[in-house]
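Here it is, the structure, as structure tokens.
The chains carry the letters A, B, C, D and E, assigned in the order they are written, with residues numbered from 1 in each.
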Amino acid sequence: MLDLDFSFYNWAMISDFVLKGFYFSLVLTLIATLGGIVLGTLLALMRLSEKPFLVWPALVYVNGMRSIPLVMVILWFFLLVPLIIGQPIGAEISAVVTFIAFEAAYFSEIIRAGIQSIPRGQVMAGEALGMTYAQNMRLVVLPQAFRNMLPVMLTQTIILFQDTSLVYAIGAYDMLKGFETAGKLFGRPVEAYLLAAVVYFVICYSLSRLVRRLHQKIAIIR
Amino acid sequence: DTLAKIKASGSVTEGVRESSGLSYTLGNGQYTGFHYDVCANIIEDIKKQLNLPNLQVKYQPVTSQNRIPLVKNGTVDLECGSTTNTEARQRDVAFAVTTYVEEVRVLVKANSGINGLEDLAGKTIATTTGTTSVQTLRKHKRAEGVNFKEIFGKDHADSFLLLEGGRADAFVMDGSILAANVAKSKEPAAYKILDEVLSVEPIAIMLRKDDPAFKKLVDDSIKEQISNGTLAKLWDKWFLQPIPPAGVTIGLPLSAATQAAWDDPNDKPMEAYSVQE
Amino acid sequence: MIELKQVSKWYGAVQVLNDCSAQIHKGEVVVVCGPSGSGKSTLIKTINALEPIQQGEIWVDSIPLHDPKTNLPKLRSRVGMVFQHFELFPHLSVTENLTLAQVKVLGRSLDEAKKHGLEYLERVGLIAHKDKFPGQLSGGQQQRVAIARALSMDPIVMLFDEPTSALDPEMVGEVLDVMVSLAKEGMTMVVVTHEMGFARKVSNRVIFMDVGGRILEDCSRDEFFGNPDARQPRTREFLDKILHH
Amino acid sequence: MIELKQVSKWYGAVQVLNDCSAQIHKGEVVVVCGPSGSGKSTLIKTINALEPIQQGEIWVDSIPLHDPKTNLPKLRSRVGMVFQHFELFPHLSVTENLTLAQVKVLGRSLDEAKKHGLEYLERVGLIAHKDKFPGQLSGGQQQRVAIARALSMDPIVMLFDEPTSALDPEMVGEVLDVMVSLAKEGMTMVVVTHEMGFARKVSNRVIFMDVGGRILEDCSRDEFFGNPDARQPRTREFLDKILHH
Amino acid sequence: MNWDWEIFFQDPGGQHTTYLEWLMSAWGWTLSVSLLALLLALLMGFMIGTLRTLPKHPGWVLFGTGWTELFRNIPLLLQIFLWYHVIPALVPPLKELSGFVLVVLALGFFTSARISEQVYSGIRALPKGQFYAAQALGMTTWQSYRYVILPRAGRIILPPLVNEMMSIVKNSSVAFAVSVSELTLFALQVQEETARGVEVYLAVTGLYVVSALAINLLMGQIERRVQIPGLVLPGATGGGH
């Protein structure tokens, strides 16, 4: 049996080690989700346009990004970009930029599926009312696509929240790293990981419940 | 060069580790440790020499994978983690004079009946991914012809857990790391470190290559700290007294090898050291 | 008002409109019928420039649609269109459906757009439902809202693409009633439909298309229904099938 | 052959069948009609035990459907059903659609099943299409394949749920023709439809349902069409709407 | 940058004669872990996803939902740790399982949760009429799923499934945490031994990309092969007039 010793967890320790990491995970998830959705929407629109000079770059970008392990993207960006621009960049900024760039590839596929699930008739109806392409996308297609895709986007966001731990590669500090470091310094890794598992589960599960409820609220009445 | 860069930007970036024996975090963006203190003294000397009383110190946490590229690409000026000075690395970076000599040793359970390297035959040996300790064991002549299974922990705490949980019979690693893990464990008396030393490795502060002025400043600062007894006091503080955050005592007396390095400050790589048996 | 001159259109290698010419004058009600896949929907969509054409010319209100310089969104805003599957915007309330394009395309103020839109909603007898969402309405009600939405843009012509064929039999009447009253007020209308009762009652002309996208017949209502012997064999066969079972 | 005794069914709190009783004898053709949402589809599905009922009893060929011990798959294999949207299996070819259940449910050999299935495909006039996939057929053709699929299980009764209402007007005839010939051969049939021409021509009885899931009328064809004054006001109103526009 | 690719021909000492040979063996381990875990994940994912759509068996639905939520809401690295260090302490027989088996289980279950979610929504996206049609022909629930529902749902969810398959290759890197000598462990270890981090990482990144793209291409072929003639899949292009 395990003999567990959680005595080293006290408020001072949690606020020193875990909270800062939690805050970082949260902010990174938020920024990367929003940025990824914006950039991903752009990529999706490029892929759906019929112009090859827009389709191909988007296609290559999306498939390339999805093939490389995220941790490698993070590492390469952090190590190589300073050599190119001749000036160091902070780990936080690297993390934000790479996560947005990476998530955009995934979100673009989700959004593309969402846009394609809108019946062609809806697009035509918007056009027939005299809307421009941009108006039609903004007012008719995307609002419906986002509503339909909300659950899938949520799953992606949960994965993203869990993946923030990969920033360890560039010495940034997320929640998992917080637990891990505390566990090491106090010689109690098992306890630290157990608690981390519980905390992650509670956060991710609540998040998915919350979004499920939200989805029911804003779901399109059919 | 580095000094000009420090002067121009008014800041110096120090590379630190999240959890290594010589440099670790206290959470909240604060760092501490033996090497951290040495570097703090060095930075005081930089302030004096450049006449920059308000020099800002930035901390960049590094890992064993990215520390060298980060020094090379200019992100980190002064790496104060725990990096072994090797010939291969000297092609990419420079090292200050050795501040600490590490001995690679073997940790076993006290009741395991293992008393020397020859008892390791047929056993499972844990080490940490991304370290060269097992390579050393493989090449060690007293262990030659002794077959053992290797198992990798993803970090030192994980490797120690392999030993604690019975998945491994021994843990091969730097002596200070072994001592620290035993000290922090639930039952320190249950472990013992074998007498044999597998290899000795000079640990030093890492700098950018080809910057003699900066290296001289750092070297001089360290030599000064040796001669005025600061380093000896820091040893006492970090290895013989209770340390934060948990207040355990590592209990590692100053080794002869480290004393020798202090007596004759140098930046020789690991290859120039040989194991005294 | 609307003029098609030798219009042809292909999807890849398949020709879906073949040398179609027709004229529709102000105040006329024209019914388009023909078998499935004959290009009726495509024809009506080209009048709104929703589908590009590869050959020929289309003029709407003296504006050339085939000219790349024409501002299509602007032109479309003056042509009202009603689809088989209604195509209301399901994420918007009925009132929002009515006002969205008025505000964003015509630049009307929200108040003005609301006032205007609700007038038409009243006309189609649905003012009580103004705050519902499309999904909460029956098919017949949705189609009437779609008509009100098109009308509130003050179009110069209304295009209908099988507006009743997705409806429950009981609800067909509601929508046809609205269309009949529009026709009687002098609205120019092009209607793709198989409701021959409607064609008999209000249309001025009937256009019959056959597979391959060719216009086989284009004649007055009385000629179409009253003189079957003068019709093409294919037309007679089609009428037989849909009128008797 | 089929007997419903005071059947009631609820979805949550909403009652969709209200105390429905009816008897259908061997060789009878019964048409069920009524407004949308009145429970026609639900009623016909309960006869196949596709929807459970909360009250009442249903007997098919003297087997009690409401009895939890009844082997429902076995019973369903003897009742043929044709749906409004055909519901062919789009990932299987026409032949595979015809043979799948014969082989897996009835345990026939593949050869036997093929021979049997293709006979029925021939009957509905589609033998030339046997290797196509459903998506490559027109709606009318798909519906005829669906009928052949049901027939090749050698059912004792056929249930049809608005089999023509998703079809192009021109294709309705093809499917109705097949149904008429089936009826003439003495197949027992229950047909939900608004095709009053079909009802007039081949049905023995007409059942009219109203919203709320109540059976309002259950009388012979001649009584239903020939004696409007004896009908309920709601029935007359409905017939008015769907017969005149 | 000064490159030094020679290092791949050096002798690491131990069981491999060159680093290149070690790299190839590491790639083999990465592929073995990925493919076995993928197999397990597909099996479990389809099973659990299907269970969740059986309205008449609330027990199974609860089990399926619980499984999905449990395994997708805890980071993979943590799950590996629990499988390796915590669970064997509670269930001693598991101590005998090698790190390889444990990581296949952990990665397989983690991915199965995500696949189950897709299978679940794929099945729910099918028109209800297809269930009715299968049952009306006398098929049992199992037969309806086997011959009608799952073949169709499988095709619908193929694109997101490819995402998962590509992810599993990348996620297999966590196996280094339990001492499986795969690409990530190779990278961490060898960049230390040779001090040529950039070359080592480039080689390893390259192999990951090749593996993931191979799956992508293979699945593209399969997708084309199982395409249903004449049927526009939901999501391909919206239908309508």
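Everything below uses one rule, namely that a residue touches a chain if its C-beta (ideal position, glycine included) is under 8 Å from a C-beta of that chain, and two chains touch if they have at least 3 such contacts.
Note that the structure is a prediction, hence the values are computed from the model and not measured.
Fewest steps needed to get from chain D to chain E, stepping only to touching chains, is 1. In terms of the stated touch criterion, the partners common to chain B and chain D are E, listed by label.
Placing every chain at the mean of its C-alpha atoms, the farthest one from chain A is found to be D. Set against the C-alpha centre of chain C, every other chain centre is closer than that of B.
Here A-E and A-B were compared by C-beta pairs in contact; the pair with more is A-E. Between the CA-based centres of chain A and chain D the separation comes to 50 Å, rounded to the whole angstrom. Taking the mean of the C-alpha atoms as each chain's centre, chain B and chain C sit 81 Å apart. Separating the centre of chain B from that of chain E, both taken as means of CA atoms, is a distance of 39 Å.
Residue positions of chain E touching 2 or more other chains: 85, 89, 198, 240-241. In chain B, the residues touching two or more other chains are 65-66, 69, 158, 161. Across the interface of their complex, chain E is touched by residues 64-66, 68-69, 86, 88-89, 91-92, 129-132, 135, 138-139, 151-154, 158, 161, 165-167 of chain B. Residues 45, 48, 50, 73-81, 83, 85, 87-91, 100-101, 104-106, 132-137, 149-150, 153 of chain D are the ones touching chain E in the complex. Within the complex formed with chain A, the residues of chain B that make contact are 13, 18-19, 24-29, 60-63, 65-66, 69-70, 73-75, 155-158, 161, 181, 183-186, 245-246, 248. Across the complex, chain C is touched by residues 35-36, 138, 165, 168-173, 176, 194-195, 197-198, 238, 241-242, 244-245 of chain D.
On chain E, the positions that touch chain A within their shared complex are 1, 69-70, 72-79, 81-82, 85-86, 89-90, 114, 117, 121, 159-160, 163, 166, 170, 173, 198, 201, 204-205, 208-209, 212-213, 216, 234-241.
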